[in-house]
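What follows is a set of structures for review.
Same chain, two partners: subunit A is paired with subunit B first, then with subunit C.
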Partner chain A sequence: MPPKQTKGEYIETDTGNKVSRKSVILGSQNIILGGKTIIQADCTIRGDLRRTVAPGQQSGNVAIAVGRYCFLSRSSVLRPPGKIARGIYSYYPMKIGDHVFVGEGSVVEAALIGSYVHISKDCVIGKFTIIKDCVRIEEGTVIAPNSVIPSFSVVSGRPGVVVAELPETAVEGLERA
Partner chain B sequence: MPPKRAPAPEIKPPVDFSPSLVLADSATLTGTHRIRIGANTVVHPRCKLNSTLGPITIGRSCIISERTQLVAPDAQGLAIGDGVVVEVNALVEAREVGEGSTVEVGHCKLAPLTRVADGEVLEDYTVLYGAGERRIDKSGQEGARRKLLEMHVESLRVLIPSNASKWMS
Partner chain C sequence: MVFPTIHISCPCADSISITPKPAKKKSRSHKAAEEEESEEEERFDPRSARSNFSLFPLESLLYCEDCNQIRCPRCVHDEIVCYFCPSCLFEVPSSAIKSDGNRCTRNCFSCPICFASLVVASTRDDQSGPYVLLCPHCHWSSSEIGIEFEKPTSITTQLAQKLKTVSTPSVTPAPSAPSDSYFPTISITPTISLPPNDAPRAPPTTAEMYQRLKVHYASQRASTGTDEFGSSNALSRLIGLYSSTSLTVGGPKPRSFSGGSGISKPLIGRDRKSEWSEMDHTLEIQNEDTTIAQLRKQGFAGTTSTAQRLNQGVPGPLFTQDVRPLAVLLRTKRSKRCRACRHILVKPESKVTTTRFRIKLVAMNYIPSLSISRLDPGSVSYNSLTPLTTHQFLLTVTNPLFDAINVTLATPQRTPGRFGTTVTILCPDFEVGANSDIWDEALGTGDAATGGKNTRKGKKTGNTGTVWDAGRNWTTVVIEIVPPLLPSEYTTDEAGGKDSPTEDDYLVQVPVSVRVEYETDVEREDGLGKEVKERREHTYWSVLGLGRIGKFGAPTTPLAVGTGGPVDVLGALGPSGVGLGRSSTYNVAKVGSSPPIVAGMVGMGVAGGLGKRNLK
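And then the complex of A and B:
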């Protein structure tokens, strides 16, 4: 992070991302923020858990890619998921779309999150979960690992199940300035 | 939420570390009792170990994730067995966590966000999930889990720079 002397709570990057000084960002060289994304205090992003490859092979450097206009609340955790494949344990990159909201204290270990996804407070999104576009995850939901959540669903409970559908106009409600 | 980042603890607890331990730089150890950590264990950044009330003993090949808090509940201390995985955001104030357990947020598995009451004893192979439901899982996957864990530790060894010497005085 560039050493700026202005003492505000947030550091603003060239693309308009606002990152709290009190957030915990590890392996920032492996993290891509699309722009206009806000990261609040105490938010943890584990960019250091990147793909492990056999020596000599070229490794993709992105561990976490976040789209535009995302909001990561206080104490949320973004952590790439890991598993064994071809005989080695490796972490896999996590992709997050645009206009994604992650509530306070939520732990996200998803493989893919689409655009216009609202994750409420204290949720746990299991490893390798795929969440499609325009989904609402209610407060305190625990989504089992390897789940796939279809578009326009409302997910709630432990384990998280689809309890309702969102109207097609929901995109406007999930879009924030 | 503390207004300021906590200052570095002035009193370092006495430690007993294995040389093959991976202890991230920003993990914090506080308290006055001894903290023992076994071989091949990985402690992620921002993990908090508090030995104010008693000693903490962590076994071999454990993974302690970030934002977890391990607190010794009393003078008898906290003992964590071999091959235990403590996932993100977990708070462990137990007296003993048996071998091969997984605490997700002895062969026990606690699903994310579940709570175990004070003084409760969980049998081997118990799975705790949902709103306090539990079942016994004896599908015999210990070998496979152990192997996965060892590979996981190996990959983390590459990814996380260790700075255990900071706590050795």
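And then the complex of A and C:
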């Protein structure tokens, strides 16, 4: 990452989100960014993948909700998880809390990510994963679908298993990261 | 290893003051300070064998306000607040922990092959039964071991029933020969040779040893009867304590896994008597022929790894067809107490899903934090510091307290170890502003304005005795190191010789004593009286891991200059010469580019310059 971005590479929204012009954002009407969130180049956010509903039926139109102070590094992918329910393949909304860092090249298909979560680079967060607050996911981790990661965990490996606990100061540490 | 690293030493190893309660706080702290002063004379050696266990990153340290001491994970007591399942996040009452074998009794299972959490999946397209436990990661299915469920709920009870009735293709009773139990991989290595029949008996398994011990104690108890020491009571209580847990030896879920698997079978019994006899009986059976036959049939792909086996209990199954889905182990939330004064340092909220703490006394909020960066970023990587060259680092001290602090840094001139690195802190004594409100500074009011005197503002000159830069609650000083030339760099063949440096010798670890002094308002417990200022001080050792010594990149430079020579010159000449050497602007601070004034430094400068170029 160069220290100084070329001018105008980022679009800044009213709430202070910075979205790279080189990122791929689909279905932006279904994406909520909390504010002060940075989306780097080559990120893909699939807001177009939302719940399939019968025509005429109203559904919540949020596919991806991202909190404040999040950072999506280069080439990361946010994709709402999908599965077959009652014979129809449908996508489910993805919710991401505040102070979440997603490292380079990571693919996130989680259902819920809490606040203060650090996802290192080259990780795969499987479908419908629930990651609670204060979690660090080490580089190259592959978290199996439908996993639940409790708070104050360090997750590593393929498949990702909890390998350590974070200290009580995890919030402070992950806030800065 | 990622450099730079900063660790703080907890002195608990030296002064395990597990006294009931310090008699007088103030006098004790004074005394402690004096002791510490005397201790400071003897330097902290980051390479000593004990240091490994006393060094922690600041984040994992706690702070006891009563003892005015850092508390590391070693000198706190953990107390379990609640148990919960990490998979379903339900709290488990502590009364159920023991009977459930510390595992979740809901539908939480982990894969016996890859340890991911299993999901209940239907085997039909229409989502109807039968159901299996399926691993979403490695696609292991409980149908592989012949277990399917009629309904997708209450898997635990269903599984328990299944395991009672299921007939696995080959139930190998006590599948491991005794010698395999500890290092079970031995038995599946291709070069295994069967021990001859008259071979000495292999060491007993854990379960066997437990049984022997139990028999021993039982006989002892019988012989002593009720003696005056009351030991028989204690013994029987102990045995009672363990005999219930001994059930768990055989399998992860003894209560529900009874009978089905050959492993847990011997240990299961409604009454202890039958458990005993079965135990003794099954351990005698060591049918290696069936094991070998099965190994021939299944190949190595059908065998379990050490991790898989250990996860299944002791002794684990040898073949993947004998593994069982594992109920998820529970996790705990714990509060922490100071060992010396029993005060609570950390107390989390008892609700499982919250991350808040009722009490959280962490060292981050009490002692200044250190951070390290290179003064000339990008020129040399931390992993290859050029020997005999001056490397400059910026050491930033950040004050978390609401009072301005005086910081005194002390470091040995040469780091401990066989190949010492010369260290110079250009400004060892400085002030760090209070951690006041950011707005105070912005608005020009409050303590911060007075604290941020112009003299303290950074001039980035790097002259001796002045700080490099300072802000609201942080101050940066320059620290210089000259790594030694390791003998392996100039001796070609002497591998394994006494002088050849070990891996540790390549690391530059600088012990720095940080002494903090400040005046603070005393919190009066009665809430009355005038404000009293109390002078406090705190000293701790930290170890800066500044990098790894790299190759000496310039063979043309005079190698005759020993490690000691230029180092001493530099040390004696001191930072004035260095300061002059760095009078050029810092972002082009290549040592070789400035006019060196010492002969010794010429060589070093050239060496440094060349080294850098070579590295590029």
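FYI, the second predicted complex is superposed on the first by the 169 of 177 C-alpha atoms of A that agree within 3 Å, B and C clash if a C-alpha of one lies under 4 Å from a C-alpha of the other, contacts with A are read in each partner's own complex, and residues count from 1 in each chain.
Basically, a residue touches a chain if its C-beta (ideal position, glycine included) is under 8 Å from a C-beta of that chain, and two chains touch if they have at least 3 such contacts.
Because the structure is a prediction, the values reported are computed rather than measured.
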**OP:** Examine A:G105 and indicate which partner it touches, taking first as subunit B and second as subunit C; both and neither are also allowed.
**Re:** first
Original post:
After superposition on the shared chain, which partner residues are touched by A:I11: those of subunit B (first), subunit C (second), both, or neither?
Top reply: neither
Original post:
Between subunit B (first) and subunit C (second), which, if any, makes contact with A:V142: first, second, both or neither?
Top reply: both
Original post:
With the two structures laid over each other on chain A, which partner does A:V161 touch: subunit B (first), subunit C (second), both, or neither?
Top reply: second
**OP:** Answer with first, second, both or neither: which of subunit B and subunit C does A:V62 touch in the superposed model?
**Re:** neither
Subject >> Which superposed partner A:I32 touches (first subunit B, second subunit C, both, neither) >> reply: neither
Original post:
Taking the superposition as given, does A:G173 touch the first partner, subunit B, the second, subunit C, both, or neither?
Top reply: second
Original post:
In the superposed arrangement, what residues of subunit A touch both subunit B and subunit C?
Top reply: 126, 142, 158-159
Original post:
Inside the complex, what are the residues of subunit B that reach subunit A?
Top reply: 1, 5, 26, 45-46, 66-67, 88-89, 105, 111-113, 129-131, 148, 151-152, 154-155, 158-160
Original post:
So in the complex, which bits of subunit A are touching subunit B?
Top reply: 22, 24, 26, 41-42, 44, 46, 48-50, 52, 74, 77, 79, 82, 84, 88-91, 105, 107, 122, 124, 126, 140, 142, 158-159
Subject >> Residues of subunit A defined as touching subunit C within the complex >> reply: 116, 126, 132-134, 142, 144-153, 158-162, 167-173
**OP:** Show which residues of subunit C lie in contact with subunit A when the two form their complex.
**Re:** 59-60, 62, 84, 86-89, 114-117, 119, 135-138, 331, 346, 348, 352-353, 355, 357, 360, 362, 364
